[in-house]
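What follows is a set of notes on a single structure, which appears directly below.
When the chains are written out, they are named A, B and C in that same order, and each has its own residue count from 1.
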Amino acid sequence: MIALLLRDLKLAFRAGSGFGLGLAFFLIVTVLVPFSVGPQSSLLSTIAPGVLWLGALLACLLSLDRLLALDWEDGSLDLLATAPLPLESVVTIKALAHWLTTGLPLVLAAPFLGVLLNLPVPGFSWLVISLLLGTPAMSVIGTFGAALTVGLKRGGLLLSLLVLPLYVPTLIFGAEVARRGATGMETQTPLLMLAGITAATVALLPFASAAVLRINLR
Amino acid sequence: MTIAAKANALWEYANPRKFLATSERVLPFFWIGAGLCLVVGLIWGFFFTPDDYKQGSTVKIIYLHVPAALMAINCWIMMLATSLVWLVRRHHVSALAARAAAPIGIVMTLIALATGAIWGQPMWGTWWAWDPRLTSFLILFLFYLGYVALWEAIEDPDTAADLTSVLCLVGSVFAFLSRYAVNFWNQGLHQGASVMRAGAITGTDTEEKVSNIYFYPLLLCIIGFVLLFIALVFYRTGTEIRARRTKALMARERVNG
Amino acid sequence: MTLKVTDLAIARGGVPVLEGLSFSLEAGNALILRGPNGIGKTTLLRTLAGLQPPLVGQIEGAEDQIAYASHSDGLKPTLTVVENLNFWASVFGTRDIQHALDAFALNELADRHAGNLSAGQKRRLGLARMLVTGRPIWMLDEPTVSLDRHAVEMFADAVRAHLGQGGSALIATHIDLGLDGEVLDVGPNKAKPKPFDDFDGGFL
């Protein structure tokens, strides 16, 4: 299992496949926002938590279509499926690798982008906490979507169509935490909901992903 | 007949040919029933009920709005049930029924959203508000789109049935979660579900109940929509079965050729 | 370790391709799989490897015993030869990759990225992967594609050594490897079309 994780991390660093791209995309989206809504700092600081959450979500989405497709194309998935490692572990590791190479950098970059959008000071810690709790769910849900579309030629677009509705609860609660945190309101309820959704998806969804992958491999 | 035997008899309809024969026999009754209920219900509702003292005649769009919204949700529930049957018992008709129902669900969702907007404009002064109920239907619409897109994208019919079934299961959980998330996110303008509440039937006066005058034609319209839905699902499932059979025959031809 | 297949029927894309297939593969033996293109040799190997379920029939002795090599080698172009092999070795819980490097003359390529190898070299690396799995039954699907004569010889030697250690191999190939294995011709097992009124059973 660790071998698979290390290999995926090594691949991500070597090829730069999606690793830097997600971050760059996050940056560009954030920079474009003031151009589209205007430079008033009061407006920007109001929408900053939501924009950053949405930007992180879209950046997460960007690298999903290569998550399993590369292993599918070169036959690694077939071989992994015949290996002693259960597919449930394989998809969990894949999601973890995706989170480490995409989700975690986004979490770390978010406060710096928050400065650009004039995020209120109390909002920074809540933004990081909410993203830290929410991005694992996004990687796991994304892996499910990637498993569904792995054999398809035009899988990328379909993947977004399938995954984005599944992101709704995470986005609502996550952005709510960041928004409330930025305005100094209590954040406990949405924070607990966010944590609950993440815990449940991380625990249960890999079984669905593995089942779907088995179907796609036959 | 024992219960077990009855249950077995039900599974006989999982046979495509038996399903086709039976659905062709009963379909006319559903078409006629749906037509009668809708014609009577809509005419009754539109021309023979008084205008609401507050909402005026705009209230009459309820005869399309409520049944369509009900069927939009029930259609997804039906797809969930047939998906489960496919995953557990592998009856092809079940998977094809889910596939056949999805576009109907999309249309029902669209009708509910459109009539809602038309109703909302004079009532709330806006075509659209990010009200929890409206938002939930929009999300449901997205789920339907994804489901149909996945069916269309996969060539092998059994693989497509398997994958869409799993998507339907997972999607149901997330749709349910979204419903609660959206409730939490914004308390809305939309009135509570008021048709089936006890007050509506007993006539006890509350602010938001639908009174008897509107209730009976509405009930007729709902029955009409249910019958129409069943007829459409049977009809479309029949088409899917024939299409699937054609495909299977062509595949066999290729193998033998 | 005996692989025993009884009355197997398999389908590709929902269409039956082979039926009534029975054979057994004893330890130390090789079985050469023959049959015209499209008959279902790849489907048979994938079924035996557990990647897809059979329509009917029993497969005994296959679970966790099979190392499968498909048309594609599962190599990562940005990893070196050694890294690729090490990865598969640790996935299958083995350590030693040196014997695999030796068997396929990969020592001088050890630190090259797999992406810079020629097609034949990649194939050798893909086949070397079989050695690091430590599994007794090899399933090889057209293993000699893009190999030169020398490399084919290398491959045949590796198979012979594997058989000598009590392993077995099922090889779908059209060329003569010089192995003294039995030939399993699946041509006669081509699935017969069902009579038309069998529609009741499903769609065919």
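The rule is short, and it goes like this: a residue touches a chain if its C-beta (ideal position, glycine included) is under 8 Å from a C-beta of that chain, and two chains touch if they have at least 3 such contacts.
This one's a predicted model, so the numbers in the text were calculated from it and none came from an experiment.
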**OP:** Sort out for me whether A-B or B-C is joined by the greater number of C-beta contact pairs.
**Re:** A-B
Subject >> Centroid comparison with chain B (C-alpha atoms), farthest chain >> reply: C
Subject >> Chain nearest the overall C-alpha centroid of the shown protein atoms >> reply: A
**OP:** Give, as an integer number of Å, the spacing between the C-alpha centres of chain C and chain A.
**Re:** 37
Original post:
At what distance in angstrom does the C-alpha mean of chain C lie from that of chain B?
Top reply: 49
Subject >> Geometric centre distance via CA averages, chain B-chain A, whole Å >> reply: 33
Subject >> Where chain C touches two or more other chains at once, by residue number >> reply: none
Subject >> Where chain A touches two or more other chains, by residue >> reply: 218
Original post:
Residue numbers in chain B touching 2 or more other chains?
Top reply: none
Subject >> chain B contact footprint on chain A (complex, rising order) >> reply: 144, 148-149, 151-152, 154-155, 158, 161-162, 164-166, 168-169, 172-173, 176, 189-190, 193, 197, 205, 208, 211-212, 215-216, 218
Original post:
Touching chain A in the complex: which residues of chain B?
Top reply: 139, 142-143, 145-146, 149-150, 153-154, 159, 162-163, 166-167, 169-171, 174-175, 177-178, 180-182, 184-185
Original post:
Which of the residues in chain C come into contact with chain A in the complex?
Top reply: 46, 49-53, 64, 66-68, 70-76, 78-79, 83, 86-88, 90-93, 129, 133
**OP:** Quick one: which bits of chain C touch chain B in the complex? Just the residue numbers, please.
**Re:** 13-17, 191, 193, 199-200, 202-204
**OP:** Please name which positions on chain B make contact with chain C in the complex.
**Re:** 15-17, 92, 155-158, 241, 244-245, 248-249, 251-252, 254-256
